[in-house]
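In the two complexes below, chain A is the common chain; its partner is chain B in one and chain C in the other.
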Partner chain A sequence: MGRYVLKRFGLMIITVWVIATLTFFLMHAIPGDPLSTDRGMPPEVRKNIEAKYHLDKPLMIQYAYYIKDLLHGDLGLSLKYKTRTVNSMLMNGLPASAKVGLLGMLIGVSVGIFLGIIAALNNKGFLDYLVIFIAILGMSVPSFVFASVYQYFIGVKLLWLPVAGWEGPKYLILPVASMATFYIASYARYMKTSMIEVMGSDYVVTAKSKGLSHTAVIIKHVLRNASVPIITFIGPSLATSIVGSFVIESIFGVPGIGKFFVDSVKQYDYTMILGTTLFTSILVVLGYFISDMLYGVVDPRIRLDK
Partner chain B sequence: MAELNKEKFQTVGKDLAQSQSISRPSITYWKDAWRRLKENKVAMVAMVVLILLAIMAFAGPAMRPFDYKTGDILDFNQKPGSLHWFGTDDIGRDLWVRVWRGARLSLFIGLTVAIANIVLGILYGGVSGYIGGRTDLIMMRICEILGSIPYLIRVIMIMVILGSGVGTVILAMTVAGWVGTARMIRGQVLQLKEMEFVMAAKTLGADTSRIILKHLVPNTMGILIVNLTFRIPSAIFGEAFLGYIGMGVEPPEPSLGILSQKGTNMILIEPYQLASPAIVISLLMLAFTMLGEGLRDALDPRLRK
Partner chain C sequence: MGKDNRKILLDVKDLSVSFDTYAGEVQAVRGNSFYVRKGEALGIVGESGSGKSVTVKSLIKLLPMPPARIKTGTAMFNGKDLVKMSDKQLESIRGSEISMIFQDPMTSLNPTMKVGSQIMEGLIKHQKMSKKEAREKAIEMLRLVGIPTPEKRIDQYPHEFSGGMRQRGMIAIALACNPKLLVADEPTTALDVTIQAQILDLMKDLQEKMETSIILITHDLGVIADVAERVIVMYGGLIMEEGSIDDVFYRPQHPYTWGLLKSVPRLDNKAKERLIPIEGTPPDLFSPPEGCPFAARCEYAMPICKEQMPERTSVSETHSVFCWLQHDMAPNVVNPVIEGRGK
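And now, the complex of A and B:
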């Protein structure tokens, strides 16, 4: 186990480094420099600013500074708002994003797993087709479409909930529901496929033939084994949900990372875009790492093969 | 229990001629797959919907006498009616023309990206799997690292540099998207390389090119086609997403993502402006997904009974 953890951890560090390096050189491949937008800037001021941010040094030195900053958890400055750092923007956005994302994910995953179990137990029955239909619909209709549908019918037509904004728990419901829709759809499918696979396996046949009751087989053998692959999906889902959804946040005016990312794209705020990209990637890589570890804990077979 | 003795048994005899005859007409893999696909009603409906959508995407804009980039400013925000079938947008452009033109762009981008991804995937995965050893290890590590960056983030990183446009959207999604296909192809090649029929072919003296063309390629075709049908909707979604966050193709070129984004802004006053692009993109994605599922069931040899 120790070797396995170490290997995965090493790979994670390398991945983060590759992403950071790619990000850095991508940022420098963009034509123009961060200060070229300020036309009226006197050369002396420009020189001072360049010195302050090490922009006057060779690329490799800049890269060293960048990595040093990164190791201190500093993602740099915004191009558009000279006084704000990428960190402060991310930290401002994180609570709202995490609230909507985590709630939406938790609700979506639980409902999805529940629906998946129902579908698997009614394989080829009406409920199964219904669940699979909902799942395919939820997975193939883009999130901005169903977010807008919720917003229009529940917010505009029925006036049950506020259309957009961020003032209280009421404002959470629609974005969380939109977020959950996608997770419901995907987890219902994962769970169903996984259940069906386990239900056809030899040890389930054995359990049945030694006279265990249907419920005991399902709970003790099928559910436990079928949830193993689901765990691998939850780690990355957790990571991406914390950062929030670009689209859903813009639609409902949630002041989170996603919305602010879309805003920085619209304002060509490169350092912000790349800073957020880096932040998200690191979270996702971390999510994969955690889920790999969990997978190793839950399923000892994984550790055995190298 | 009744006693068993020799008298109770008799030889049936064997007819050598009969045992050699083929009782059913032999059908090829593709005919078999097609037969199975035809039985799948959902997949067939999806196929018909797709064909209709494709026809509309090409014929749609020409059906109305309007231009996609200039509209009659006096005709702005018209609800759907006999003149403007899907209504008009905030500067009076006809939405029927724009939505179908956008659908055509989506189909074009979806197909190009999917094919480009598969070609890159075959090259990378094929080389990695065929050579094996150290090369394979390094090539797969690279895949693993690239693959751990979320797909849309990879696309956005490339789009930031390249700027918006149809070509750059395609390029960004191609560069970002081949990793999954490469891994899949490599797995296939590794598996097939060791198969008995490949060994048999080698023993019979077939050269490498014959093995690749006659044995390896036909055996991966099914999986490749399935992969293609799933890649298309994900590329269509990718474009819509980019258009939606303002990084997609350049205006005035309409894309379903841009149209949906404009529609969302107008949802409080003119919801029909979101309805048409949203329905068309949902139908496109649904139809491709359903067809893909049908094809997977039809082409995947593991499901054969």
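And now, the complex of A and C:
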């Protein structure tokens, strides 16, 4: 087990390095540079700034500087907000993003799995169709529509909750609900499909042939096996939920990191693009790692300690 | 074969099972009657789709219902009608009085549960054993079915067992509560030949020890000959012929049985003889033929065969057949199986 974890860690570092390198070179392959949007900048000033960020040096040297800083855990200075480091900006925005994202995901996944089980147990019944209707709605309607609908009815019409802002727990509810909607929809579908598949498997017939009651068959034989495929999705969901959602954050005015993802690309903010990409990829790689570890807990065939 | 005085354990009368599908009603089993005596091994043989599995699975409602539905019939088991039983009553019968072994041991055990726990489940439910007692019994069962070092094996998962061992595990599960009837649905089809023989020997051995009745379903005539005392030949959801092993193998009366026997290679035949397949395809069970389902493929078919299903004709006390060739007015057909056997 220990050896496996070590090996996985090594591979994870290599993966992150490959992503960092690819992003670095791809970014520099795009026409334009961070300073090209500032028209009328005196050439001397431009030169100074380029020198400060090593932009005047050959690409390979820039890459070497970048990797050196990266090894120190330093993502560099933002090119747009010239006095702030990428690290501090990410760290400042992360708590808000993670709060909304993780809460939304955890609630969404739990409710989704629960609905999926209900749907599977009522296969082709009214509740099943209701759940599948919700799921299709939740997956096909974009999150900003739900966000606006919640905002309008709960915030503006009913005045139950604040429309937007970030001043206390009350302000969390609507963004979390919008975030959860998507997870509810997708996990309800995953879980239903998985349950139906397991319920039709031979070992469930075996369990029934032993004289176990329907409830016992579901609890002891179906649920555990049906959750195996779900775990595949949990890790990556966990990762992407932490970095939050640009759309939901901007609709509800959540001071998260979502906006950096979009702004940095628009503004050629090299260090910020690299920072956000790297941060996300580390989370995703970790997410898959968590999924793989969880597999072992649920499914003995994938247990790794042998 | 003398008169069999053993008590009848399961008596099925006029059983029909249908599946309601979008395309219409599939009449998988169409009014079959048969019985199993106490301690007897009954074989049901027939090709895929002949209704043999459905027949037995419907008895303890192991089919998904709907779409499956028992249309008519009774199944008296120990004086009670299985067809009329509630789900709760059936639960107490399943696994304790009637157990099943399935075709594919690779998929019929729960992959995320220890083999031991899978044996213990039934014991805890039916015999109200404590966990500790059930565990001891499970070890004993594993030993009984010939699994070495059962104390260790009991805590392993199915994927740590080979195919043959898994089937032994299934047999241990099925026999744990000492059932009166064991239904084995193609128990050796998915196993290779040497393991097949071991599993069959084990089943015969345990049947003698535990005095369990067996219904053995297979399409393999060799397996039937090895284990069963009596055989039912099924085709198109109907019973074609029924008799003792000797009746069906040495004095077969139905052209379908002849076809089956001719399509099996024989060791005692020295002449280079071709195996003769049965030409044609099985009947469409959406709209089964009015008459004998085999008529379309039968080389002896007469006009009446396509119009009306023949009645049961008794050939001897143990042997009966559903075929118009038995009728007084039918032409005399020489049994090609007996004829073909080198004297």
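Descriptive notes on the structure:
The rule is simple: the second predicted complex is superposed on the first by the 247 of 306 C-alpha atoms of A that agree within 3 Å, B and C clash if a C-alpha of one lies under 4 Å from a C-alpha of the other, contacts with A are read in each partner's own complex, and residues count from 1 in each chain.
By definition in this document, contacts are C-beta pairs under 8 Å (C-beta built on N, C-alpha and C of every residue); 3 or more make two chains touch, one makes a residue touch a chain.
Everything quoted here is computed from the prediction, not taken from an experiment.
Overlay on chain A: chain B and chain C clash in the combined arrangement.
When chain B and chain C are set side by side, the one touching more residues of chain A is B. Touch criterion met: A:Ser209 reaches chain C, while chain B stays clear of it.
By the document's definition of touching, of the two partners only chain B reaches A:Thr15; chain C does not.
Legend: residue contacts after superposition of the two complexes on their common chain; A:Lys68 is shown touching neither chain B nor chain C.
Shared-chain residue A:Lys52: touches no atom of chain B or chain C.
In the superposition on chain A, A:Lys7 makes contact with neither chain B nor chain C.
Applying the stated contact rule after C-alpha superposition, one finds that A:Lys170 touches neither chain B nor chain C. Across the interface of their complex, chain A is touched by residues 141, 144-145, 148-150, 153, 156-157, 160-161, 233, 237, 240-241, 244-247, 260-261, 263-264, 267-268, 271, 274, 278, 281-282, 285-286, 288-290, 293 of chain B.
Here chain C touches chain A in the complex through residues 60, 62, 64, 87, 91-96, 99-100, 102, 104, 107-113, 118, 121-122, 125-126, 157, 159, 170, 173-174, going by the rule given at the top.
Across the complex, chain A meets chain B through its residues 11, 14-15, 18-19, 22-23, 26, 29-30, 136-137, 139-142, 144-145, 148-149, 151-152, 156, 163, 240, 246-247, 250-251, 261-262, 265-266, 270, 273-274, 277, 280-281, 284-285, 288. Within the complex, the chain A residues that touch chain C are 200-203, 205-214, 216, 220-221, 224-225, 228, 298-301.
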